[in-house]
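Dropping the structure in here first, questions after.
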């Protein structure tokens, strides 16, 4: 099965690239199941119901969130009405929605998607992601009721992300990081068969500071003071992520490749 | 001019890859000037004089350090005897050594190398890197006494690194990040001509947690307690970094490409 | 009932003050139940079995720990043999020992003691303390099986400590902070009857940097580099904490006063 | 000379206590020079010109700020017109205003006031406070052109505050902390004659979470999400700080006592 994971959609530039580019990309890559991180799709902060629908209609089978999950307050109720949206398992005990769910891919195959938040260098504290993902992986063994499983580790620190990768190795089809908004070039298959990339990168304009228009971030770094609000950069976006091919019987990764398309970054090798 | 920058050399695996691989790599890529980050070459923590010599003899023209600059106490005196080693400009007012220096590349061309530490998500506090690098860039304009300049932003946060990139854009030949030990895939030339990559990645074994043997980092994440010391992973290392080609007249980047060679990562396109 | 809580015992100076001073202090104050924080009693880092025994023999009915709970590895097994030692409820799912327990005070009265770790500004991440203490307080209502209850919030941030105070207000007899090693002067009874002080302060030598000999902390602040190990300051210690008088029927605080005795700090009013 | 330092004035409750209580308090204590921290006087966030005037008219000779110095944008220009307002020395190189100044106390005596920001556990990074205060103390020796000097260390960590105290010991009349909004009970004279208290505490309503109405902070701790804005608590405020008596000839502290007056905290001993 071919699973496409695209990272944090960043504002209007990211949404446009998804709306226009996701369909053709899936076609060209022969994708069976698509996951898109949407935590920054609305003005760079959170996800509205309308923008969630846009991403789903563009071809995502599942939308994940992150630390910005409920920055748009309407998501607090919308997530209860839309089972294709996942928020981190360890967001907060009081959060609505779910952190893991089994989805259906092409030809009825089952895919588990789960998201966890890191604890290192995050602006707010979250509970232990390792025990949270342990419980989910234990109850959804590969080669049992699910043919594949994907873990989104939404985190800052490369050490924590690599540790999650090894922790899930052999028990998930893909562990992919999000949150830093920069794709990493460490795409690999870990020793027990799990596909891995430390960060998917964002779907956004890379002539920016992590997707935001450069002016205000630079002012804040230089003066230590906020002058204006952050607004997403509006130049052409790069769709960024990873494509993993799994063995339906074992659930393990047999091939993995980075995906970078459009915008300013060097396109991934065809 | 062709400038090669290789990221954090991690322990014995990284040193071996440098000793055996740097010469042939320079040859194949036609490199005029080589910079290697050495802050983790000795047991994963700091750099001894002997290991600094090893890296220089392998072909580095300049060795940069980082937050681990003086983890090996002998570097406090060794750095005063070896002008080819650079420590961060904003390490601490009490630190020995220098944070920027002009080097000679092939055919007598001059290259400025400077290193700064980020302030965001770092384990210790450092002074403002923006004003530190501003002063150095102002006194070393491209196309003046130097034909090229390289800024190593040793930092965790992608936002801070991209902000440094844009801050130096048009004034440096290359801004390259280090410290996360994972290469990023955002290799690009910024709008005013500076080559950029958020992180060079490490020269180390990627079957690890940022270069360290997996067992102890995993135990610490799972139990919250240290059991043993961290030790570098010993598997085959990947040499990771970036190659920038600059215009000797303007000092700007005309071409940039990622470098990944050996070990577990997908090799960079030839 | 009169409950004495003394803060973090710091090294030899703190142990000596406890060994010599706790007995007479209890006598003079007419104490029914005594809790002492021991997380720094052994060289400033953790607690050995021998030092735990010393504190218990000096008159503590219960010893609490903190983020340094298992810095002395022997505590990993010792805590299983000594039920009078409590470690934080939210230390790590893998930690031995317990985070709350019911003790017996004079005349057979029951006292619940529980400890939680804060999440804000701590060097390591811990799980949510609010839901952890909620569960314990719910199953141990005041005026039910326990005549009094004490919550030790081991944390850095005053905001988090005050929030824990209000969260437990009316449901615990005393909420007292530890960890900063400086006593606060905000001793009060909250609006629904819980005694509160943001930090008990340490039992240690205040001519120091939070109990450590001044020289090395100052060197590290000035140079950004470690030169030597930290060692506890050896001057005369101040016993620091709080004394709360509770109503045995309601479990609420009827009186509260700071305790400071010996060493360099101004003694608390008799 | 008798110098009164009062900590962070918190919103309307704090302003009212200053307006009504500072005059009588100065009278009763026989104060020669008064410093008030104003960084939270306006809605809990920053200081407007009008509120600065209110504090000065109530009897402050000098108003210090903190990390919230310019939360009210008008302070960016107001500070240039009002030399009695001091912002931290190490706020940012781009900040307007000054971080240290010599003031005149009763009978023409000179008092240096300087403020520095800590680096540990602060939400934003700041430059090294030790070298910043070193320069100021060196150029303003006690017993020279100034009869007294006061250093406000606006910081979170008790370790950093105590280190600043010892660093300035014998060179300043008083080192007093601000920022945590909780008074500490470690009022003392350090070994070379500098008066010290780790935190002055706030001038605000202590039935709160560091001066803010309890409801929203509690919601955020419990749910991990913001629901509303923070608003200052409106109950009766406690004026909190410290009174130091100095020797005009040596500039050293000869006596020091905490000040707590009104509101919910136990009043300081007369």
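The chains carry the letters A, B, C and D, assigned in the order they are written, with residues numbered from 1 in each.
FYI, a residue touches a chain if its C-beta (ideal position, glycine included) is under 8 Å from a C-beta of that chain, and two chains touch if they have at least 3 such contacts.
According to UniProt, the chain labels map to these proteins: A, B, C, D = Metallophosphoesterase.
Just so you know, these numbers come straight off a predicted model, no measurement behind them.
Student: Any chance you could name the chains that touch chain A (Metallophosphoesterase) and chain B (Metallophosphoesterase) both?
Tutor: Touching chain A (Metallophosphoesterase) and chain B (Metallophosphoesterase) alike, sorted by label: C, D.
Student: Weigh C-D against B-D on C-beta contact pairs and write down the one with more.
Tutor: C-D
Student: Copies chain A (Metallophosphoesterase), chain D (Metallophosphoesterase): same or different interface, half of numbers shared as the threshold?
Tutor: Chain A (Metallophosphoesterase) vs chain D (Metallophosphoesterase): same; shared/all numbers exceeds half.
Student: With chain centres taken as the means of their Cα atoms, state the distance from chain B (Metallophosphoesterase) to chain D (Metallophosphoesterase) in Å.
Tutor: 42
Student: Just curious, how far off is chain D (Metallophosphoesterase) from chain C (Metallophosphoesterase) if you go by their C-alpha centres, in Å?
Tutor: Chain centres of chain C (Metallophosphoesterase) and chain D (Metallophosphoesterase), defined by C-alpha means, are spaced 29 Å apart.
Student: Would you give the residues of chain A (Metallophosphoesterase) that are in contact with at least 2 other chains, written as numbers and ranges?
Tutor: Answer for chain A (Metallophosphoesterase), listing residues that touch two or more other chains: 92, 126, 222.
Student: Report the residues of chain A (Metallophosphoesterase) in contact with chain C (Metallophosphoesterase) in the complex, numbered from low to high.
Tutor: Residues 92-93, 119-120, 125-128, 131.
Student: Of all residues in chain A (Metallophosphoesterase), which touch chain D (Metallophosphoesterase) in the complex?
Tutor: Interface residues on the chain A (Metallophosphoesterase) side: 70, 91-92, 94-95, 124, 126, 222-225.
Student: Within the complex, which stretch of chain D (Metallophosphoesterase) touches chain C (Metallophosphoesterase)?
Tutor: 121, 130, 156-160, 162-163, 166-167, 180-188, 190-191, 198-199, 201, 206-210, 214, 217-218, 221-222, 240, 257-258, 260, 264-266, 269
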